[in-house]
């Protein structure tokens, strides 16, 4: 309905191959970014109470989960390798960042956040090695080995948490130009901006990878690995690269989760298999093989229960916090099943269908 | 691929030497030898279960022969991985279309260019500068193929949604994108109607003439095979029973028997 | 924007081309969707290519007055070849690419073609197969290499190579460039600019010779008339050899300096139209009709709510759209409602059809139904009618913005004079009037009057608004015994605008009154029958059903009312009609292969029915031979009912 | 060299030095393995009959145990609670068939897998919602399950066998045998086997596919209940058991997704292997390696036999 594609013709390949070839889409994306970078902070400044709550409880975790979901989507959605070890890979990032910033406190924390991705990247590659011989559900189980082994490390290797008595990561204060980025003194606004910048930047990079040679080889491996080999795509490097990139994203998300969301500290329990399932359910509901789907999934799975709790609060019904948590879990399950039945390809496909409908409006097909 | 380039049209490009292949106890191919000359269209025919597809699988390294050797462009090898075959310039299509179903026609064909693309990971991250330039360069090449195969209208359609005949065409396009020296076609016209078969025949001849590609094909439609091919190998129960020009093969008593035998 | 006034020297297309290259070098001149994107050439680039090609053509021996055949679909190379030939003062002869070899051979032979520029192997083969009939043909130039690798190159070259070769020569040798310039400068308004072969419905086609000055003048007039400028864009999808394409796209583009875009392939034309979004558009009525049908069919599958919304706003548009388009005063509520409709329905609809950017659209060639015409106009598309002929270099009449109607084709185009002969034939004199039929002085003399008017062969009249109405071919227009005009096709068309009526055959020449035989439209009436619980087992049964007769009678009555409103036609109201028991069929010789009724043949074949139409009987028996789809022959017999109609008093007289 | 000694020599020295401890460890591994095998068995049943990779099998076990205990705690007599729980498992099977499997029929395997993943969430949420999240004590005596231990003197030491473990081993064996009989000798059992190979064949037996699904999921539910009681008796009943239930997955990898003997042998290998590993090698790494050892054992097997112990060799066709 809003689309006016007539007259939007492409005179160069660069324009034709753009990620958003349609003007209205570009406007839409621009508006979204504007809202995220200007609108929301403005709102938070004008209404500090609600605003900070909104940033801290909704926006920051939503963005971080979206990033983790993108990471898993690269592996599962684009390359077709199911992983149940996302939580652990996030943990690797978090612990790596913690070690790095305590060993080299002088280096900016943002550098370490990104660098910690490389550690989880390396771990991911190691646990990706079996993917050459193991496929499908078998591989999913193999990734559980990573999950449980790493989780065990987080608990049993005290060096990782600097021998803290709590057994948890205790986030130190780190600043940039005198502004606290992490720790108890960092404002939600500051942390929001850092998270937003990193998530947007990494999404852009993911989109670049996916739309190029590498993304095509991943999808080729996913869709028909035999044919992919005969195109000259080597399976192991392609799969390992997917593991590496995916783990990098998860690692960065994990590090940000501890340093910019929890902001003060986090226990290893955060990176349990539940977290893996949580992220996996995001990409299932959001849509496998879709970046925008990762955002949708994160929004639905993470924000929906919060809204639910808020609704319960507002309604004044005598529902305990525990009950809400249980309802949240159950509802997540119901949503997964519901969406699989309604649209097995997730919200992203619904979005695509909706968009297509608008493009051909008023026609139904 | 300088090895293949050095070979002149008419000279031997690939030779299959005494190859045998068995799965467990089942012999799929027994002591088969033949050659494929550069720039010819070579057909491999035979009744169902004669080992034709297995032969292609041996040639492009998917199966490893138990005995015998295969020389391609002067280099002899016994074991080879499929992607090595791709590197050396062997491309193929499959009996049951093996396209990347989740991708568009264009992306499928672009995937065929993977080997020719070499911009590093860093540039891929940015999809700017050299990576974009490379992408555009190969897009141009793929567009030539799209134009050649007359599939402009389905350029951006996901291949899963295409009718079978078009899928076969896209698969041919993907193989062509590899600029193969040797193109293996496994029943390119299976399940097509007469008009589609005519189109496909025309494309095969054009590929052979326009790009000078050597083609080895398996096909059941005898009329098509006789029209298209320069030389024909006939297999039956994994053994070679005849080899020669269409006219020779047609006159061969063993071939006639084999085909009469199968056609009730 | 009459570009030529005050600059009399710009009287040939090459001169204008050069002007465009100088005045708007960076503006796009031509695009083609090729290899997935819209490859674009600016006027400067385009002119440089034309010059290079002209040089190469000269090298092939093409000179002033030589004929250059152009055989292909809408491609830049074809248009460049036309311009290159004109640059050398040679005469391009575009030929229908889908013509069978024999037809093409006739045209090429008749036009004394020296070289041929063709699209691909198919055309090369066609031309090579007729080489023995074309002694003058020295060279064939082709656009697409594919499949031609093994051909003998002695008389064959690719157009790309010629351009490259010409470009190189022009770069090396300034003298060569000067020769081209000189040739352009030497061009004169009375040079033959192009020969367009009319696809003769009767007999061989004739080569219509256009003069350069006339062509430019005509195009300049209409460019000014429709305010076309160099920001406009068109999609060149009509056959290259048809006057419409040459005029609307080539001539107007060069005069106004706008860009013409060539589709990627015939399969993608619809998609390409949507991408380009032309600002000036032409399509014959049947294109608009099939488009509308497709729109309605697609909407059938929409959800109930959406369907309701769609039809609601289409109704709003029907009521107010044309008034708003014509700038009439409309109540505020209606205007708001229309705006909402624009947002919800019209805008998106135009967008999906590729009509969003249209400023001016024309239709011509046959009568267009009022409903159909209004539909597009009510959406806010400035669709107008024109009446044209190859011999006029297209425009004879055209409608002004805001004075548009479906039943007339407008007043005379700028600088065109029109007169009607006593028996109603339309004759015109126009700037773009053709010079002659190539090598056919007899025919030329037959068509041109002494005082320079062209006989169109069409009968028509001016209505009270001064717009011309075309009735029929002049030779088909007969007279009732009373002497009143009887225009069968005019009546038939009016009937055929009803979706329920598929074919109509009118009789009345030299009779007391007019009668018609009708064919119902099975799809449309069948759907009606389903809705109204009318059961039927066969076409014959449905056609004879009393309720169908009732419905058709209403239609005929409506036609009579409309005829009564026109003084010249009032006498020829339909007095009696019948519904034929079988569909008229080309296999039975009742229709031509292009689905036109063969009135004479039908009158013979159904003689008993014709007799019955005039002897006052209420029904008649008929037995006809038919050919079934599998080729078997059989016979059907039927008893056909005849209905008497009330004729309306002529309104003019009544008033 | 010290580390090499600790890894390759020392554990075996310990085993030889205290054979009674070795036997004790093996026994515990055996019992754990039997229970893993039971979970895996429920999984195999479903995979064989409906081709669904039932990720929720472990949760079904916890859910069943929780229902049983929860009902009992609400004052329902033990055996009535057991009966009711069986009823709940039937209702669950029916519900899953109606609301999950039927709408998703003919979808790719991965989609069905994801659906059971969703099912996991539903069961966890539902269980906690109704019975609360805190761990519960499994009822044992009330179900006439023995308590206490039998101490056997042997090999110069004392081997202590928990009676509940013995019961578990016995019940597990009975269930396996029962299932074998069920599959071999009953009409429905044969139909179930047929459906795995050919859906049409099953229809010709006169049972609809939907009915078969219900039966299979119900059977798997019963198996889950039995497993749940046993596990519950050995530790608490809570959703923490889910982690243990996931151990069935490496068992499956070892045994293959479709093989009942595979599930049993795989269960034993994993059970014994991880106990031995934990006991003899665990201290080297700081204990708790039980949590991941099973997966590494499976992974190691997998690298050499990607099709599992009892799976058929996969020949890829193109």
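We just call them A, B, C and D in the order they show up, numbering each chain from 1.
What we mean here is this: a contact is a pair of C-beta atoms (placed from the backbone, for glycine too) under 8 Å apart; a residue touches a chain by one contact, two chains touch by 3 or more.
Predicted model, so just to flag it, every value in this text is computed and none were measured.
**Student:** From subunit A, which chain is the farthest off, judged by mean CA positions?
**Tutor:** Max centre-to-centre separation from subunit A belongs to C.
**Student:** Go through A-B and A-C and name the pair with more C-beta contacts between its chains.
**Tutor:** More contacting C-beta pairs are found at A-B.
**Student:** Please work out the Cα centroid separation of subunit A and subunit B, and write it as a whole number of Å.
**Tutor:** That gives a centre separation of 42 Å.
**Student:** Using mean CA coordinates as chain centres, what's the gap between subunit A and subunit C in Å?
**Tutor:** Here the centre of subunit C sits 58 Å away from the centre of subunit A.
**Student:** Indicate the whole-number Å distance between the mean C-alpha point of subunit B and the mean C-alpha point of subunit D.
**Tutor:** Computed value for the inter-centroid distance: 49 Å.
**Student:** Starting from the mean Cα coordinates of subunit C and subunit D, work out the distance between those two points in Å.
**Tutor:** A distance of 77 Å separates the two centres.
**Student:** In subunit B, which residues are in touch with two or more of the other chains?
**Tutor:** 62, 94, 98, 139-140 - these are the residues of subunit B that touch more than one other chain.
**Student:** Give me the residues of subunit C that touch two or more other chains.
**Tutor:** Each of 36 in subunit C touches at least two other chains.
**Student:** Name the residues of subunit A that each touch 2 or more other chains.
**Tutor:** In subunit A, residues 13, 226 touch at least two other chains, as defined above.
**Student:** If you look only at subunit A, which of its residues touch subunit B in the complex?
**Tutor:** Going through subunit A, the ones touching subunit B are 13-14, 17, 205, 207-209, 211-214, 216-217, 219-220, 222-224, 226-234, 289.
**Student:** Applying the document's contact rule, which stretches of subunit D touch subunit A when the two form their complex?
**Tutor:** 53, 99-100, 103-104, 107-111, 113-115, 117-126, 128-129, 132-133, 243, 246, 249-250, 252-253, 257, 285-289, 291-292, 295-296, 298-299, 302-303, 306, 316, 318
**Student:** Any idea which subunit C residues touch subunit B in the complex?
**Tutor:** So the residues of subunit C touching subunit B come out as 34-36, 146-147, 149-150, 264-265, 267-268, 271.
**Student:** Give every residue of subunit C touching subunit A within the complex, in rising order.
**Tutor:** Residues of subunit C touching subunit A: 31, 33, 36-40, 261, 274-277, 295, 298-299, 301-303, 306, 309-310, 343-345, 347-352, 354-357.
**Student:** Quick one: in the complex, what on subunit A touches subunit C?
**Tutor:** 1, 3-13, 15-16, 359-365
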